[in-house]
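Both complexes below contain chain A, partnered by chain B and then by chain C.
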Partner chain A sequence: MAGHSDSSSSEKKSGEAMTDVPTFSAENLQNNMKVIYYSRTFMSITGGVIAGIFGFTGFVGFIFYFLVMTITSIGLIAKAKFSVHSYFDSWNRIILDGLMGGLMSFVLFWTFAYDIVHIF
Partner chain B sequence: MGLGFMIGVFGVLILSHAAYSTIQYRGLLKIMEEEFSGPPMNVVLELLLGFFFCIWAALTVPGNFLSIHPESEENRLDYLKLMLFFIHTSLAERRHTLEKDSVGY
Partner chain C sequence: MAEDLVLDTAIRDWVLIPLSVVMVLIGILRYFVSKLMRSSQVPDPKIVKEGQVIVRARNLRAGANFIPPKSFRSRRVYFSNEENGLLFVPKGQAQNAQAQMFSDPNMAMDMMKKNLSMIIPQTLTFAWVNFFFSGFVAAKIPFPLTQRFRSMLQNGIDLSTVDVSYVSSRSWYFLNLFGLRGLFSLILGEENAMDDTQRMMQMSGFGFDPAKSLSAEKDGLDIIQHEWALPKFEHRAEEVLKKLIR
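Then we have the complex of A and B:
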């Protein structure tokens, strides 16, 4: 009787331990991060070209970049059907990841497009 | 993915045409000795259209999101295999423990 209750309590403990540790597929998470990276990079380039054509200079260009990234984040959240935790382990992945890397691509193509359209 | 790629290419072409139109517009402003304050409205609409086509391509071409939860429908087979492995290991450990106890008595 005591042994039976001991085994059931140890089963409950191991069950609790199993439910406490979140498990997810790392391979699928990596795939999802790759999708976000490609999307953000392409949109950074597109945003840079548009900023260059418009003739934005200085601070306005950076504001435009963050506007483009916000729209991209909204698009990615919609692609995840607004249930981010089914595809990512944190909201930061879909909102902040790839932001600074994309900024470099944006500045490159912004400068390039501005030079072609307005200077040369 | 094919349609998304074509929409992306079309978006890039529209942006290229907008850039060309802006260059022509700047040339005209130079002749008229006026300052550039912004592209004309038709170019702005072209840029918006190109932007939307590009964002569509950016969201569809790289691929779909995959669920990270092992118990979701698409991961069900992997989840069942993992559960089978855990059950098998747990039973093997219990058998080993029981055999050890019986030898001890």
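Then we have the complex of A and C:
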């Protein structure tokens, strides 16, 4: 199998692009997916609280959410040392995965913080 | 109309926070209860055997490109051979397996338990929310929605001039229901809390497992084209060793 794990970082190499047929270690790929999911969830919760405290309303709040997601993506790409293809099987994973799931948590914590700070 | 209602602090203390706390606690409770209630079934040896055959076939598919073509083909014939291949299930037997799945009382009881443990807390909490927390404005959602959402979100409030952003506690309950999924997956380990739709699909799919997935695996195995991925490995090994020596 052409993937080996790097135990010092939390993301594991899951593919080798040097062979003719790209191979992926499914277990490592799944682990990387989990890492992305956890990071996005945590960032969306934090982003929600921040948006509520700042008092963003309406459209600005959603733009803030996508901003936070972009920062998360950039952070993840930087952690993968910019060689995305050796950790994930496509660009879409690291950019688009978990976007909608985080939205609900973001809205919940945004509403919560906004109400606590501004309305009550 | 964007008049700013000033809401009582008591609402925040006694509605929003307790509701969220209760939902988080119920989620945690449900997780532990489902762990405790997982009855230890004695696995049927035949089913386990079939499951293992499926796993082997899947591994063969996954690693097909790493073994020489001839050995891959011989393994494939071993699996999908018409007479005594492991994956070939005659039609009559296939139907039997399904019927047996459904009439097996243990399996049905398990499915019922899992479904109930999902539905009952949600129903109870919803009824509780409706009973205690209805008839007043509970929260303001920070983004505006169209008028059509009014009937859904402002259920207990009978004034029609209030901004749609001011919602009743029922909608706070629903917001919590969807939003706490992410939180549960963070605090409870893997995502095993609140994946209702996923879990139900899994449960309903389990009954058909043996018959259909065997033929599915057989088809998958027949389709696969063997591409020998390792012809250049000698060159690659040579390069790696050269790098090490330098």
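Quick note on the criterion: the second predicted complex is superposed on the first by the 99 of 120 C-alpha atoms of A that agree within 3 Å, B and C clash if a C-alpha of one lies under 4 Å from a C-alpha of the other, contacts with A are read in each partner's own complex, and residues count from 1 in each chain.
As a working rule, contacts are C-beta pairs under 8 Å (C-beta built on N, C-alpha and C of every residue); 3 or more make two chains touch, one makes a residue touch a chain.
What you see is a predicted model, and the numbers here were worked out from it, not measured in a lab.
Looking at the shared chain after the overlay, A:Ile116 reaches both chain B and chain C. Of the two partner chains placed by the overlay, only chain B lies in contact with A:Ser86; chain C stays clear of it. Of the two partner chains, chain C is the only one touched by A:Gly58; chain B is not. Judged by the touch definition given at the top, the superposed model places A:Ser25 against chain B, while chain C stays out of reach.
Applying the stated contact rule after C-alpha superposition, one finds that A:Ile50 touches chain B and leaves chain C untouched.
By the touch criterion defined above, A:Phe42 lies against chain B and chain C together after alignment on the C-alpha atoms of chain A.
By the touch criterion defined above, A:Thr72 reaches chain B but does not reach chain C. Chain A residues 23, 34, 38, 42, 52, 116 lie at the interface with chain B in one structure and with chain C in the other.
Interface residues of chain A, counted against chain B in their complex, comprise 23-25, 28-29, 31-32, 34-35, 38-39, 42-43, 46, 49-50, 52-55, 71-72, 75-76, 79-80, 86-89, 113, 116-118. Interface residues of chain B facing chain A in the complex, by the touch rule stated above, are 8, 11, 15, 18-19, 22-23, 26, 36, 38-39, 43, 47, 50-51, 54-55, 57-59, 61-70, 72, 75, 78. Interface residues of chain A facing chain C in the complex, by the touch rule stated above, are 1, 18-21, 23, 26, 34, 37-38, 41-42, 44-45, 51-52, 56-59, 61-62, 101-102, 104-112, 114-116, 119-120.
Within the complex formed with chain A, the chain C residues making contact are 4-9, 11-12, 16, 20, 62, 65-66, 139-144, 172, 175-176, 178-183, 185-186, 190-191, 227, 229, 231-232, 236.
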